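Consider the two complexes below, in which chain A is the common component and chain B and chain C are the respective partners.
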Partner chain A sequence: MASDNGNIVLEVKNLVKEFKAPGSKAVVHAINDVSFELHRGETLGLIGESGSGKTTVGRCILRLIEPTSGSIMYKDMDLMKLSGKELRKLRPDMQMVFQDPSNALNPKMNVENTLLDTLNIKAKLSGEKLDTDAIIKKVLDQVAMEEDYRLRYPAEMSGGYQQRVCIARAICADPTLVVLDEPTSALDLPVCAGILDLLRRLQEELGIAYIYISHDLTTIKYICHRVAVMYLGEFVEVGSIDQVFNTPMHPYSNALMSSVMVPDPTKKAEVVTLEGEIPSPINLPQGCFFAARCPKATEECFKNHPQMVDMGGGHKVRCHRVTSE
Partner chain B sequence: MADKIAAGTTRKKKNELLSFLRYMLRRPGYTVGLIIVATSIFLIFFGTALAPYPPEMSFSGLERQPPNAAHIFGTDSVGMDVFSRVLAGTKIDVTIALVGTFLSVVIGIPLGLVIGYYKNFISELIARALDLIQSIPVFVLAMVLVAVRGGGIINIIMAIAFVNAPIYARMMRGQTLEQKGKSYVEASRCAGNSDAVIIFKHILPNGLTPIFAQATVNLGMAIMLSAGISFIGAGVKSPTAEWGLMVSMGTNEIILGQWWTSFFPGVAIAITVLGYSLLGDALQHYLDPLERKD
Partner chain C sequence: MNLLKFIAKRVLIFIPQLFAVLLVTFLLIRLIPGSPAEAMAGSFATDEVVAAIEEKMGLDKSLTTQFVMYVEDLFHGDMGTSWYTSNPVTKDIAQRFPATLELITYSLLLAVIIGVFFGLATSFRPNSIGARLGKGYSLLAGAMPEFWIALLLIFAFYVTWDIAPAPLGRISLSISPPKTITGMYTIDALLTGNMRAFKSAASQLVLPVVTLGLCYSGPIMKMTRTIMSDVVNANYVWYARACGLPTKKVNRYVIRNGLTPVVTFIGVQYGYLFGAATLIEQIFGWGGIGQYAVSAVTNKDYAAIQGFMLVAALFCMIIYLVVDIIYYIIDPRSRA
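== the complex of A and B ==
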């Protein structure tokens, strides 16, 4: 994945999302200042524990929820500045695959109608005529489903096939970007492997860029090119899979990576255990968000919020202790 | 492989209405309900024609006849044939209930969809107003409405529609809120679909089922309501053949031992309400995905 700018599909800058806490005036800081770029045909993984804002980032990019501030540049257009109509025209370009396939398919629509729901609106918005029948045929073939699944309803399919339909629905719009929100977490392990292989193959064939959201480090390692570690609504470390998994710099990533089990009995596991919980997103800590749980924290960490610093080769980290060394 | 074989067998699009009828016919209790409902629908159209005497004609000199061969249900205090009036009364009571319930569903569903889908101050206000209306006893509210607007069949229908509409609006709102949270709605929006498409193609079909079941159950209640309003004297006026009114007219004579004037229309109300309640119950069970349907 060369870093030539012509290949950038999506460039997110200083994305912030704040929610009003229901029933009070408190503000929940779901995303604090997230910036990244995504190249054509690349997979960026977002990892982090529950409540770190991974899914919110995915939904903000697609403007399924409205970001509070920041900019999302897609092909020289700022998605944040688009009107409703303009945004709808762009929608087919950016698709999403959801966590629970049984929830992501309309139970009253068979496979064909589910795909037509996307294809018809795409044809209508772009004004071009689509050979929907041929597209459905092609797409089902691409996700390795037999033609006779066309008339099946979601309840008549297994979880793996349901997820294939969801993927088919996403790619039938011919997207440039697909947000994958934990697409395998509801599936059995063997089915999960099949889906991951399918996603990889589709990326090679179609050159789609993925944003892969998960807390499962092994699947991230398997499918992603680059990975961003999220903590309390911000990126703490971004880099290639090799950089982040083999030489993690941020103490939080370090702890995460050490929790990955290695199938090698001779290797001694050095598990870094973290104390405490992720802080409340309502009252953000003044200094580094991670300082209270960090084994290396110094006085400075509690006072000043660290900035993202490029440590070379696109490996960026947000930590006073790493950057001062 | 097994999957492929299963997929290869072409499934016929089952006719839901036929399979529901079959479901009811296999259960004796529901069969009774089905027969009652079918009979009542039949009588709406042919009740007056089947009546042995004109239902609103009084035979002078034949007042207060107990049931006999000529008047099998007897005659009332002005000499009208009770049997003819019970048959003809089906038309008014059942039609009022059917049309009133239909109207309340037609009003309630779009209202519920809109206030469930668009959440803002106004929609919340409407939702709370519906709660308020629902907190008033249905019968009292309907009575007040009819008293204000005056008794005629149209006004009774409107009253039934008005008091029942909040039930369906609230149910539809709840369904909308539930369906809106599901990912397939988000996926449809992601494809670029408009709110209208999302509401009518995704949310409505998935939220409709419990409302149908509830409406059928409520039909029985609506018959009670329409008869009840006329019973207390707020509804249709004599000599119209209407069950509630007939029961009310006969109450004065019960003390004299002339039970038949009130008894037969009362039984007609009870049987009809039972029939529609059974139908609603059957529909609810039939639509329950956890229950076996064969």
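== the complex of A and C ==
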């Protein structure tokens, strides 16, 4: 599905986001130099622990948070250079699904009105006429919801159904890109599996590109084609699921992957435990961000910040030790 | 149509609620040690005299008989007679209730205007001047008790600068109150076109209203700010922006979702002010119902206490009903 040539939906280059820490002059470096591309119908997973900047990347791509610098090429337009008006026109095309569905739906709007909001704004911005009633019927069917849910309010539905509404809302505008920000982490396991299957099916049917943000390795493995491992606001390793999960190169990815539980009691797990905490994004380390916790760190790692290097087959890694070997 | 049904249902619930309030008040005040007859007879009275007064007051009968008699009278619109003012309690309350209502309604309005304005400013534009003023203000407003603010205001505006009238009641002593229609002087004066009385009544209101308004806007502001900041960052608001909805519409979502709990809170404050205004009534010689209730309690004036409790309970219930009606109108979920 993911083809290397052409069909690029999104190309992010050197994305940086800095926040001013409230009440002081300190700068929080939320995202440090993130670059990647996303093809049509492909799912890219962003993985990393809390505070690594996954959600901020997702929101910066849609310019919900204004990035500090970098370029975001969507199809052939640079989102960073678009005016507010031009950007608004593109908005329905790039959708978002949030982590907590109960917080992502306006509690005072029923399912129908929620979807109508999105459809009406799309119709208004694009100037085309939409048969909203038929579309609502279709998307509800696509997310496997019965017609009689139309008039329900969020509080009258289970978390799984709320998330289906969020997904229905995202796909009803016929988007090319959907940012999925931990769409399953607030759900029970069986519901979660249902939602993942649904997302996969919709991708096959509609060719949507997903950015899937999560800290849950199993769901990433299940739904993504490629995955990027984030640490302290930057990518430390990018590659296909197979590359990153089976032959992780970065010591951090290595530790992450070893933490996956395997439902096989005969396999003995070799868990790599990491010492310490993720460093403060206010005072970034001078060398490799991971050096202080890295079991393989050398003097060089503390001095120079490593660059992303392609190790072949699109498998990129940011580590002195890997690239010097 | 549905709304009427909703109101009718709620009003029906009033009956058992009021009855419960009645019963509990009736029993509780009789738990206060010492008989009101003793207090009335004075410390040198003989037992016979006390017994005679008790009989006159009807306190020699059993609790059940007393209660039944009281409820029977209530159904005839009679709340009993105050032992201290010697007036029917209905008359006392009819006189004093509008005074308090007028005071706390204006105070609440002021508090809501200040509180909601600063609350919205701090959550929508956290770095604006309005927001900064609001933050400082909420710290100050919560730090001083109302009686202290009242005394400061009186000292500054009456004693020192002499721009406010003396804190002696609801209208200047040299001006006769307007004809009673609602019992609220400013409204009655306007209705009868008595501008002299209106001016005087309004100027008497300024200091107590500012005092209460300042005090009670603090919590309203904090409440508004907390809820609004949550809603501003709710994911559905992020989504609305991500989807390209116009800012105006997004803000409407925020306000509609954020203000509903604030409405409840304001309703609760209204009911609370009814009793909490007592101190201010005392300081400004207001002659309101709070003062009446306090003296009734110290004098063990049973009928007056019961009357006050009944009116207070009814007042709160009506406010909560109004809050629910507002909810009904602004929140489609409650209609289902």
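Operating definition for what follows: the second predicted complex is superposed on the first by the 320 of 325 C-alpha atoms of A that agree within 3 Å, B and C clash if a C-alpha of one lies under 4 Å from a C-alpha of the other, contacts with A are read in each partner's own complex, and residues count from 1 in each chain.
Definition applied: contacts are C-beta pairs under 8 Å (C-beta built on N, C-alpha and C of every residue); 3 or more make two chains touch, one makes a residue touch a chain.
Since the model is a prediction, treat every value here as computed from it, not as a measurement.
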Checklist entry - Looking at the combined model built on chain A, do chain B and chain C fit side by side or clash? => result clash
Checklist entry - When the two structures are overlaid on chain A, which partner does A:Arg91 contact: first (chain B), second (chain C), both, or neither? => result both
Next on the checklist: Output check: A:Ile121 vs chain B and chain C. Expected answer is one of first, second, both, neither. What do you get?
Outcome noted: both
Item to check | Touching partner for A:Leu62 - first (chain B), second (chain C), both, neither | outcome: both
Next on the checklist: Output check: A:Asn103 vs chain B and chain C. Expected answer is one of first, second, both, neither. What do you get?
Outcome noted: both
Next on the checklist: I'd like to know which partner A:Asp148 touches here: chain B for first, chain C for second, both or neither.
Outcome noted: first
Checklist entry - On chain A, what residues does chain B touch that chain C touches as well? => result 62, 64, 88-92, 94-96, 98-100, 103-108, 117-118, 121, 125, 169, 173
Item to check | chain B - residues contacting chain A, complex | outcome: 3-4, 7-8, 11, 182-184, 186-194, 197, 201-202, 205-206
Next on the checklist: Taking the touch rule as given, give the residues of chain A at its contact with chain C in the complex, in rising order.
Outcome noted: 59, 62, 64, 88-92, 94-96, 98-100, 103-110, 117-118, 121, 125, 153, 155-156, 169, 173
Checklist outcome for this item: So, in the complex, the side of chain C touching chain A is made of residues 234-236, 238-245, 253, 256-257, 331-333, 336
Next on the checklist: Looking at the complex, which residues from chain A come into contact with chain B?
Outcome noted: 62, 64, 88-92, 94-96, 98-100, 103-108, 117-118, 121-122, 125, 146, 148-149, 151-152, 158, 166, 169, 173
